[in-house]
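The following pair of complexes shares a single chain, chain A, combined with chain B in the former and chain C in the latter.
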Partner chain A sequence: MALDELKIGGMGASRRRVEDNRFIRGKGRYVDDIVLPGMLHMEILRSPVAHARIKSIDTSAAWEVPGVRLVITGDTMASRNLAWMPTLSYDTQAVMATDKVRFQGQEVAAVIADDPYIAKDACSKIVVEYEQLPPIVNPFQAQSPDAPLIRDDKETQTSNKIFDWEIGDKAATDRAFEEADVVSKLELHYPRSHPSPLETCGSIADYDRATGKLTVYMTTQAPHIIRAAVAMVAELPEQMIRIVSPDLGGGFGNKVPVYPGYVISILASILTERPVKWIEDRSGNLISTGFGRDVYLQGEMALRKDGKILGVRMHTISDHGAFYADAQPTKFKIGLMHSAFAAYDIPAAHLTSEGWYTNKAPGGVAYRCSFRVTEAMFFQERMIHAAANDLGMDQAEFRKVNLVKDDMFPYRTAFGFLTDSGQYGKCLDVALEAIGYSTFKQEQEEARKRGKLLGLGISTMTEPLGAGNSREYDIIGIKMFDSAELRVHMTGKAILRTGAKTQGQGHETTWAQIVAHELGIPADDIVVEEGDTDTAPFGMGTYASRSTPVAGAAVAMVSRKIRAKARKIAAHLLEVSEEDIEWELGRFYVRGNNERGVTIQDCALAAYSNVPDGMEPGLENNAYYDPPNLTWPFAAYLCKVEIDPQTGVWDVLNFVAVDDCGVRINPMIVEGQIMGGLTEAYAMASMQYITFDEEGNCIGSNFMDYLLPTSWETPGFELHEVVTPCPHHPIGAKGVGECATVGGPAAFVNAVMNALEHTGVRNVDMPLMPNRVYEALQTGQDVSGAPPVKGE
Partner chain B sequence: MTSLYEEIPPAPAPGVPTTRVTITVNGEKRTLDIEPRLLLSHLIRQGLQLTGTHMGCDTTGCGACTVLLNGRPVKSCTVLAVQANGRDVETVEGLSSAQQLHPIQEGFKQEHGLQCGYCTPGMMMAAKALLERNPNPTEDEVRWALSGNICRCTGYQNIVKAVLWAAEKMREQEG
Partner chain C sequence: MYPSRFDYDAPSSIGEAVAILDRSGGEAKVMAGGQSLIPMLKLRFASPERIVDINNIPGLDYHRLDADGTLRIGALCRHEDLEFSETLAESHPTLYAAAAVVADPIVRTRGTFVGSVCHADPQGDWAATMIALDGRIVAVGPNGRREIPMKDFVLGPFTNALAYNEIAVEAVIPPAKGKARGGYLKLERRIGDFATASVAVALDMDGDVVRRAGCALAGVGGKTIDANAAISVLNGKPLTPDNIEAAADAVAAAADPRTDHRGSAAYKRQIVKTFVSRILTSVARTEQKAA
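This part shows the complex of A and B:
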């Protein structure tokens, strides 16, 4: 008898999470929980100014503090050729400033001491003399002919521009605009944000001179990439580097890059021959590590009177900070910005992009998204909203006219992506029904009588999740595939390791469910391990919603390899030929005689005790999975808000999310991811942004100034599902972790804009703080979030 | 002292004052010599090696470090260890016994109230203080009681459900 899949914790089971058993007891093991014998503590001194030449650094008083073991400056790093390191976008980044500081918070010195308090004390005794230079705090200042050159360290750099880039068909797009009846335009700013996982970054470097082995425990989402980077930067042989990523307190893209603190702690351990722990404080995290967004987006849409979109033009101006350190596939300078409008059937599109250096922290990380997809989809849905209004068409109707239809897949987008599958119209219908779209106008009228403004916003989008394929996607030359290794023990229990790295996504739970689905081994009998480069197979890590699309596929594939071998063993045990063997969940049986069978556990035992002649013993294997395409989930997010015109305060009355992420491995976890993502979307729409004053001081260097929503502000969300299995994924799953963060913000903003429609306001930039909404209501003018340019 | 040997710690550097404090941590009396500036969170994590209490901001902004001080939730990153002298401190490690989870812990697991787990100990301690005060809270009361604790992963909805689940279970156990 085949097993009941839900009973063994297979696919589709809302299995309670395995990792919770340690977390709810306070027994997680995060980097800062690890204590090694003889461990020293490191503290970093950061620049208080945004742009300055370093005239001198005096560390003598710091050395005098009892308990101080080492003081490091840029000179120490430079003498080991470590003052600079490569970034993930083929630029260079200062590990520690030698010539200039280029943003507030940049690393200037470090103290290594017996305990963290002593290290902090000693840091405060270091005297740095700065000669201040004019700071550049936005790309418009950076463009000015008399702007100081931020990257004067680079011989070929003559301006502050990093790149010009374009994609799409300019000529076809120009023709579309010539044929247009109506041209709709929109300009907006997607403000700088910081992912702020609740755990900051940190590392413990442990160099053992006797063996030559370097072990680094660190907060990384991609341990194998780090191992490769350390091998390159520190010139250590790769087999002597072990990167361990223990439990992570969230990542959200913030823990993908290589940060100076990691590198400095490694050198400190080599120099002191003791383990060195570095734990970043929150303000260090906020002002120096990978931010997200900070892009100015402009665009226009060519429209036919009947509502058909003929073409789109987009231009982006992005602020990358002092070093171009975006973590993204090499080929694409502004990530996957050109995934914009992928859900719509649009014949022609053209995107131009320019990137600029400024005196701000580097980053441009994929903050809970796939490489700039958040900006792309936000612009898309704001543009769609504006275009429908310009045509005088209903928002839902306009989308229905232009969304890609079910029978058009695989669909080649105007920018060249191949979207794989979906039921876009159905998702939208489910959402419209759930939110009561048909009676909304009436509701809005009634609210007006109460003095309140109601608005309803729609956001519909598909996004590319799960890079590669490896032909097109690589990070610093490393192809974007992923891996899994499965060992089935003699008693039928198993251990699975993958090249991904969980940070709260629940891999320890869900990967076991995939194995259970493929092999019929109960999920509780499978232990999952990730994050240790000495034991895990090589993989690209977890970000950009790539775990399930890529590593998850590898888990299915390796399970199938195991099943193929087990089938041979089963034939041997049942004394029939392999062709006569049938499989049902958990067991093989002889065709035509279901009674005569052996379980997968029987085969496992035989693999170690009774293999057929000529067969290798054992039951283990690995799989490297190179996806044929990205996966393309779809989401329809609808939001209803009420604005109090007296104050500009808006409340979410109802939020409906319809997600089609293909087959769901663990519905409970999928829904958890969606709710988490929607909360980040709400955060960006309502309060969460990082600005800088004219001097380049970061406003938002702590959680009092950088607002994150709590349980009190965060609205509730109503979730629905539609399932279109991914046609090219072994178990039909698509990525999901980030859909809500990507598609969510536009639903909130479109709702508020809808409520303001009668005032003629077309755009208020995020975050929609009450003062901005109030200003729009009072003036009837757009409210821009772009910083004022000095001298204007 | 019952261990076979005890390392004599180096005398504190000249000029570093220390104070003797006695704090009851999870029911166990601990007497320690500490620098007066030592934060309670650091004493708990580094001194007592109870690493279940986390730190997410060190500036009172996130609640990851929440513990109970004489039954009231405090952010231990903003309490000096000397302020806990003569008082009771309760951390996540004190929630469950070897055999049994606290209903709040069960609730978080059942309702999927955690993802990365970093905020969880602080959330659970804040919830415990609430439920001891108010065994039958409304959803809004739960949301308000947890509003000093940030979670970046879950979106709170399931955390609120977890606390309500625990409240019900605790009422059943009482009744």
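This part shows the complex of A and C:
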């Protein structure tokens, strides 16, 4: 008899997360938990100023601190040709400053000592003489003709501009605007934010001169890419490099790039011939590692009176900091910004983008989104909101008119993406019903009598998750597929390894569920291992919600290969031909005689003890999966807020999330992902931003200035699901990890804007702190840009 | 956390602690709950040569009411002790309201009332309530005990009136002259954030007439703002809407806010006004219901 899939922890089981057994006991093994014999400790000295020429560095006092083993400056790095390194966007980035510093927090020197206290003490004894230069803190200053040239290290660079880029059909879009009855315009800023995983970045480099092998324990979401990068940068043979990413305390995109600290620790280990540990402190993480967003939008929509969108124009101005170090597919200069409006049936669209250098930290990473999709969807939903208002149309009705209908798939978007499935209208209807949309106006009236302002905001979006396919998606030439390797042991237990890298997503739990679904081996009998480049198959790592769409598909495919071999073994054991074998979960049987069968475990034992003549023994295999397309989950997020007009404080009364991420492997984990993502969305909408004063000082260098919401502030979320299986994914799953972070912010902001509608205010830029909402209420004017940081 | 090197003592009596401070000649720092000191050590904003941890000194973790209604809070009374105090809710509404919003629940389990007052953060909650309630601090030094009225205790941001060899051992809040009423309201961007603005109001009521009104503000000036004089317009008057508005205006005028990323000066002043008005209106409503 077939097994009960839920009982063996297969698809659809809300199986408890196996990794939590160690996490909740404090038994996780993070980089900082690893102690190697003879290990030294490294501390980085960072620039206190944003833009300055380095006149001199005096390290003599640091060398004299007892316990100091090595002091490294830019000159040390340069002598090994390591002062600069390539970025993931074909730019270069300083590993350690040699000529000048280009942002506050840039690496200037490092001390390697017997313990971290000594290293920190000695760092404070290094004297650096700076000749200050005018800092550039936003892309508008960067454009000024008398702006200083930030990247004077690059021979061909004559201005602070990084790129101009465009996509879409300009002529068709221009025609749409000529035909429009109404043109709706909106300017927005998506402020700079930071992924701020609880565990900061760090590494332990261990170079063994006797064997020539370099082992690096590292906080990375993409260990295999790091191995390739180290091979290129450090000019070491790839087989002599082992990258181990142990337990990660969160990533959210922060742990994709290659950071100077990693490279410096590697050189330090080579020079000292001892293991060198570097653990970044919180401020180091917030001021120097990959940020998210920092993009300005000028958006326009061409509208017909009946509500039909005829065309969209977007112009983005992005601030990349001192080095263009974005982690993104090579073809696209501003990530997947052109995924904007993918959920809407729009005939024409045109996007132009310009990117600028500033004296700010580099590395526009995907902070819990698939390559700037967060900005794309926020801009989209804020523009949709403004357009509906400009037409005098109901927000839900306007979306229904323009959303792609179920029978239009596969649908080619105006920017060229191919969406393949969804029930957008149904998702929106479920959400409208859940939040009580039909009685909201009445509720709003009643609240006015109590002196409160109610608002309801809608955000509906589909987003491209799960890069690649490899035809279109690569990072510095490395194609974006992924992999899985499955070894079934003699007793029917198994170990699975993939090229992805869990950082809280629960791969150890869900991957086993996919194997259980495909093979009927109980999930508890399967161990999942990731992150060690010496043992795991090559993969592109975990970000952009790509694990389930790509590595997860590889897990299903490798399981099917195992099943195919097991079928031959079953035929041999049952003494029938393979064509007469039927499969049901966990066992093969002879067609027409269900009693006569063998389990997958019987086949595993036979694979090592009784294989048919001519068959290789063993039961293991691997699969490399190159997806035919991205996956396109859909979400409808509805938020109801109440504003206290005397203070500008707003509270979330109700938040409804309807997610269609296809087939759910572990519903509990999916719900956790959505809750976490909505919390981050709420954070960005309400309190979170990193800004800079006019001198380039980073405001947001600690958790008193850069705010993470606690359980106290975070509203409750009501979750619903709609399931439209992905047509090309082997188990019908779509990415989900980032949907809520991507689609969530606009729901909060649109709700507050809806409550302010009677004042004529069109926009308050995030974060919607009470003082900004109050100002908008009082003045009836938009509140734009980053909040001020200095007194008047 | 990698602070600068420091020596550490954990004496078991106040006398011993004072002797250590005296010997250290101003290079030592007293640690009670450590909830402000430890972050400052971590950031190396503070690098004392010696930490004198008073947590091993017995008998300091109390808060109690004397027979005459005087409230005494020992140096190791944690915020949480006040938050969950059974006596305080009735006797000291201003303190009780503040106790629930000090920092966050984790800090409240460890941080102390007296330590927070000594820290003299312009955005600190307890110093504001102490000023509004006309409290005083009991200090012990080599020459014995002395009492320092709150109005003389906070000298400026992060500066108090204690000598380097003195320890604050107790906070004293005098009994109300009449029924104690009042409240504490704070606007913060997130729990545990420094206040954008907060308001402590303490009233001694005689029937529906205010006998004495006390008020202090946090987050809206270079130090805790003593608004006792401003709110004294209420003294001898009932809490009518007009009187409430006059008091709220007077207190708002006493604020000295600066524009920063938490809001403009005008906004913060508006919050002060709104909060004073809300606390007073709430007291007036409660009194009406009681009557």
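Annotations
As a convention for this text, the second predicted complex is superposed on the first by the 785 of 792 C-alpha atoms of A that agree within 3 Å, B and C clash if a C-alpha of one lies under 4 Å from a C-alpha of the other, contacts with A are read in each partner's own complex, and residues count from 1 in each chain.
Going forward, a residue touches a chain if its C-beta (ideal position, glycine included) is under 8 Å from a C-beta of that chain, and two chains touch if they have at least 3 such contacts.
Note that this is a predicted model, so its numbers are computed, not measured.
Taking chain B and chain C in turn and counting the residues of chain A each one touches, the greater count comes from B.
Contacts of A:Met675 after superposition: chain B is touched, whereas chain C is not reached. Within the superposed three-chain model, A:Gly249 lies in touch with chain B and out of touch with chain C [touch as defined at top].
In the overlay built on the shared chain, the residue A:Gln646 is in contact with chain C alone; chain B does not reach it. Of the two partner chains placed by the overlay, chain B and chain C both lie in contact with A:Thr710. In the superposition on chain A, A:Met769 contacts chain C only, with no contact to chain B.
By the touch criterion stated above, A:Ile699 is placed in contact with chain C alone, chain B being left untouched. In the superposition on chain A, chain A positions 116-117, 281, 283, 702, 704, 708, 710, 712 are in contact with chain B in one complex as well as with chain C in the other.
On the chain A side of its complex with chain B, the touching residues are 16-17, 19-30, 32-33, 35, 66-67, 116-117, 195-200, 247-250, 252, 281-283, 503-506, 668-669, 671-673, 675-680, 702-704, 708, 710-712, 714, 716-717.
Taken together, the chain A residues at the contact with chain C in this complex read 116-117, 120-121, 281, 283, 646-649, 687, 691, 699, 702, 704, 707-710, 712-713, 769-771, 774-775, 787-792.
Taken in their complex, chain B has these residues touching chain A: 13-14, 35, 37-38, 42, 45, 49-59, 61-62, 64, 91-93, 95-96, 101, 105, 108-110, 112, 114-121, 124, 142-144, 146-160.
Chain C makes touch with chain A in their complex at residues 2, 4-5, 43, 104, 187, 189-194, 196, 258-265, 267, 270-271, 274.
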